[in-house]
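One chain, chain A, appears in both complexes that follow, with chain B as partner in the first and chain C in the second.
Now for the complex of A and B:
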């Protein structure tokens, strides 16, 4: 299979494999891991295997060599054309659509450097109809996309007023299907709107601390099984406005290379030193931890004040699940703190939807800072930070968000309360749990069918985020447009959101997807995969009765 | 080489030369090799460092383990006392509208930035409910990935029309608006001139931009011009660098920290004189200043095209959530790919966008409300003048004033405690006020402690009289 001599086009692939190797060896060799296992046996009532689960197989298959070559070639051609068009524009042979500076300000220092926008102007512009597609309905399992036309190759769009109805939604992060508009479900939200209005017009510390905010904070803490929690009005800002309250100068942040922008921004604003470790690679992390503790700060060699490891539960572009048991063991050994961003995993994984800690059967108190958002699984907006009471108390007085940013909107708060109660079964139904199970089932079904068809998909078998690798820029665009023609809304991403050779389509599964919908998507994918030659995988996928939880795939990985 | 006898007959100089080189030719090979090595050795000695670098003493595994064992990090968060002043928030039960229940007591609200009373507006609520029935609550995605709803497009369109600009872009959180907009344009190496009183989200945006920041004294145009002149001299020295260094002036329309207005016409003059772009943050002035509530540009009659970017939040006068930037498409459109808070965050819940649209509808239909608000502001400003021991900070038409102590006790903590007692005294008597909160250690220029007094159009004459007399009594009782 992947025993190819193809030069790995990007370090990323190799890293993944290393990570896998490491995990398997690790269990045998490294003392700390065994220790962790022993600990868990000591504390748990049940047999160790049921208490602590290990990582499901995670695959990152290398494409054939010709794919990498063609991808670079594709970008090369497009870039050449870009220069050619720039030349034509410069000599006035091609009409220039770019917005211009005002006449009065022509002699100012240009707001943008010309080369900065080369990629936008020449590449993104031509294909930008694949993003920002406006919709005019609920972002549920199906939605209505507003039809757009462009007379000038996407420089301007106009809406035709027509809609493409009932497009199957494979793009929204509606994991548990709480993006819904059923009157009965939303009754409490409507009541709250009627009672409170929409905004709060103040910050939490001034006059915006509503009783329902505190109610939600208690519920979040109970849901996660921690002492206390605090909620914030925007998920992105939860990271960027709270990390500076936790670490500062003289502290070290160890950040996964694929962390979300909000984490990176928060880390940067904190003033702490940032070291980046390879994605989900425990060897890389441990090397940095050792280095940090043994040599202290650069130049002065003062010991670091504290070390904070920042990871995400599920990485939204890779579909990989963090190696939490290993990281917890490392953080305990090196006395670091752990910041876990569960934006995509809370509600979406774990037998009862409690996120990655539950997926691995870990004690939530082992995670120092549990962060998550309400945008995805809960169909609302905002984020939370949960953990020990001291942590939350400190945030309540030092968080930038508590002092300077508006508190959470009451109807949004109510939606989260409603969704969370539903997942916890506090509404007296099993609807929430049924959805968690449905999502897990949909995930397994969809992933295994795609593998059968021969697509290269990334990520963990448990992850409802499923990236299908498309590699070549031309195919990305053709794929997205053809899927929309077949009434399936997909998200495609390429450079700069991914490494240049690894453009992909991302499918987000939802509990609200019915089997019929998934089958429709799979049918179209299969056809399109053949038409566009997207089935790059050279693995033999044989459906086995135990295919979903065996470890054979991992051995497969080791061979590569 | 010829033989020495022959040469001796010829030119004398060349003879000497050959004589000198003769031994080289005759020397045995081992000699040459040895000398060659010696020469290489000398070269090496010449170029190598004369001192030894500190001996690389790699730690042994055992030593490393010991170090790891010994290292004790600081606790993740510093320990805090339970009665820390910023820990125990006032609890609001029920809606934070004109009548507000704070800590179980019904009060008249002089604390929420609900200037136009839209929080409790039936039309706004109905519009939001209609949207809720259609779209649900969340958008479950960023704008790029099916998080763009027709409501968002409509709101952007309406905001652009309302402000009479080419384009507007909405963010899902007020704080993130200017904090994302600044680093979208101003990069490392660029220069930003900022007013000292700039609000916290501007400070965070500047920090994220990693630009070179120059603070000028609050509303002091001479100080700003001094800095601009300094920069001009600097530029003449290095014209090549100056050609690619972008410059920005970032000011607030109505300062949240000082409740006064920036001298916009003067700023525009400076803009063209020194070729600097102006970014204007209007969170406090949007929907407040100007005949039609368009903010400080309308207030001064400045052409809005002369301002490169205007940013405001929709969490104050509009009483929803979120923020927006507006200006020319040339400027604004860039944020759709570069504004971090725009690209990487879920979009604004449609019902909040719908509420903002309805608020804009009301603002357009009934510009009277801005005049009413101005009247109320003047009234409050005047009524507060007579309180002993405290001074009113801010313009007469500013809807969010500050009450500061006339004489500071010298310690910030004591000042804050005194002001807090005034707030508590008023809360007791059904007037809801709040301290202006800051993160003391994070602010670049920490404003003096103050009580915020917010004016809304819902406050009646009696309410204002009651509040003013209450503050007067409190000041008399506590500050004497």
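Now for the complex of A and C:
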């Protein structure tokens, strides 16, 4: 098996050769010490805890064979019934509730016959009461959901007027619990609203560059440990509007398989060539890099103007963490640039919440473009791009978002300022650090208990995003409804956001969740897991994984 | 009997979930159930009616082959007789055209 050929800065590391897919039941790992590197580094990079975290494996267990067979069978049956219902609708025996062409348009190119419309009409509409549920309170650790009923099998909804109170919120990206409406905490936000108002009514380049924006940019740069940063009003637009300003035609983008839509959209808008490498697979990435360096641009074979590797810190659908040290080593060897999207990982991982660079103990100046959003851990909206001063200055003039999009609203900016100062400890309290630790604690506890129970969980043990695999469409729907009945709000995801056989329920942990809430959720998960037969895992776990790491697949050596 | 009832209810629920019938409307579920259970019933009837006869004839054929190596035509004739046997038995069970 190949291994990463480049030396890595961490002295004490164990390289996984199997990639991320553990096909065996008991998950045998081949790893070995890179002894040459151990002697070559004079200083160890990062504190011991981050080196330890780096070695935590990720797991993507496969279910038993009958699960995949039954999933396909289930989809097949519902598709057959979909064709049957479409036939009834076409013949006229059944009223069509969804959009269809007018009589005069029937001879033209059909508008609604593609697979996506078929899927929406016949599968999604049947069960869409599990999504877009209206809530009527702050999305903190608990929230209130409005009750709705449907007389005609989810074609139309009507609100009953009652609310389901105190539903435990396991779906909001509220990692550090900053989605709060406490008057004391929000005092500075109220003051700034008095001072600046709510709307900016301009773009950053025209009249919208407020002093508060400059203050936030300096704070973000200090937080991340880089030279300079720039903030934008919308997280999605940060990616999609700034990648075209960084790369263009004649450049190459190497993008991970599971990148977010905003990254893909930005990459496509830029006009650069896009090559996709397998998720978190360093051999695939290295092969593409070598190909890029050797052959150059497609027809002319000129060297690429720029090679940009685009990865995310935490992938939200899988819960996996990027293998950053390997990627940094590869990028240095092949002279590529690295774009790191830390939407879910900023504030949520790392000993002081600085993201994946801190988690792996790397130098932030190794990452060329650090991007992140304020939506998840800071309880606000917007995004930032940080890096060297030349990069950010160029973005200030060339980014579409800077020139055309409205600037960030002052209360939102102040919310981010207060949240970031809280995390850094600049407001004089240890509340921020306590929250970061609480989140790590919750993550560890929740994941280990779920694995003990026998669910199949994807992803790294550090990530606060926990996807539980449900596989069959019937179970996905029943799970969501049953959890709401038990007053727990979960987000279930199916095709097309995930592969067709891997429908899942995604739990987002928060520092605001108390242990009692987590225990309640775990208890209900246990009962539902037995009721719906969701415990597909075939691994054996010892009952107390925190005390001694003697499990079959979480054991790793730390000899120095 | 009440406990058994609840268990049967849970089994039916599992059947609904695994085949994804759970997402369909009740009348569609009835259609699927009737089609599925009638085909299962037909499979059971056919196996009850024909599997013993087929097995018996197959054993006779193969033991005949092993016993009389050179006489392959003899074995073939025996097998043809066996097929007539099966036709008659099928008639006895009733419901088959001659």
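In this text, the second predicted complex is superposed on the first by the 472 of 560 C-alpha atoms of A that agree within 3 Å, B and C clash if a C-alpha of one lies under 4 Å from a C-alpha of the other, contacts with A are read in each partner's own complex, and residues count from 1 in each chain.
Heads up, the rule we're going with is that contacts are C-beta pairs under 8 Å (C-beta built on N, C-alpha and C of every residue); 3 or more make two chains touch, one makes a residue touch a chain.
Predicted, not measured: the structure shown is a model, and the values here were computed from it.
In the superposition on chain A, A:306 makes contact with chain B only, not with chain C. In the superposition on chain A, contact is made by A:472 with chain C only, not with chain B.
After overlaying the two complexes on the shared chain, residue contacts for A:171 are found with chain B alone; chain C is out of touch. Here chain B and chain C are compared by how many residues of chain A each touches, and B touches more. By the touch criterion stated above, A:138 is placed in contact with chain B alone, chain C being left untouched.
In the superposition on chain A, A:81 makes contact with chain C only, while chain B stays out of contact range. When both complexes are overlaid on chain A, the residue A:205 reaches chain B alone and has no touch with chain C. By the document's definition of touching, neither partner reaches A:538: not chain B, not chain C. Comparing the two complexes, no residue of chain A contacts chain B in one case and chain C in the other. Interface residues of chain A, counted against chain C in their complex, comprise 70, 73-75, 77-78, 81, 84, 123, 126-127, 153, 472-475, 477-478, 531-533.
Residues of chain A touching chain B in their complex: 99-102, 104-105, 107-113, 120, 124, 131-140, 143, 146, 169, 171-174, 178-181, 183, 186, 189-190, 193-211, 214, 233-237, 240-241, 244, 246, 260-262, 265, 268-269, 290, 293-294, 303-308, 333-337, 368-369, 373-376, 378-381, 390-391, 393-398, 400-401, 403-406, 409-412, 415, 489, 491.
For chain C in complex with chain A, the residues that touch the partner chain are 10, 14, 16-25, 28, 32. Contacts from chain B toward chain A in the complex involve residues 59, 64, 67-68, 71-80, 84, 86-87, 89-97, 100, 102, 109, 111-114, 118-121, 124-125, 128-129, 132-141, 143-150, 152-153, 172-176, 185, 199-201, 204, 207-208, 242-247, 272, 275-277, 305, 313-316, 318-321, 328-331, 333-334, 336-337, 340-341, 343-346, 348-349, 351-352, 355, 432, 434-439, 442, 452.
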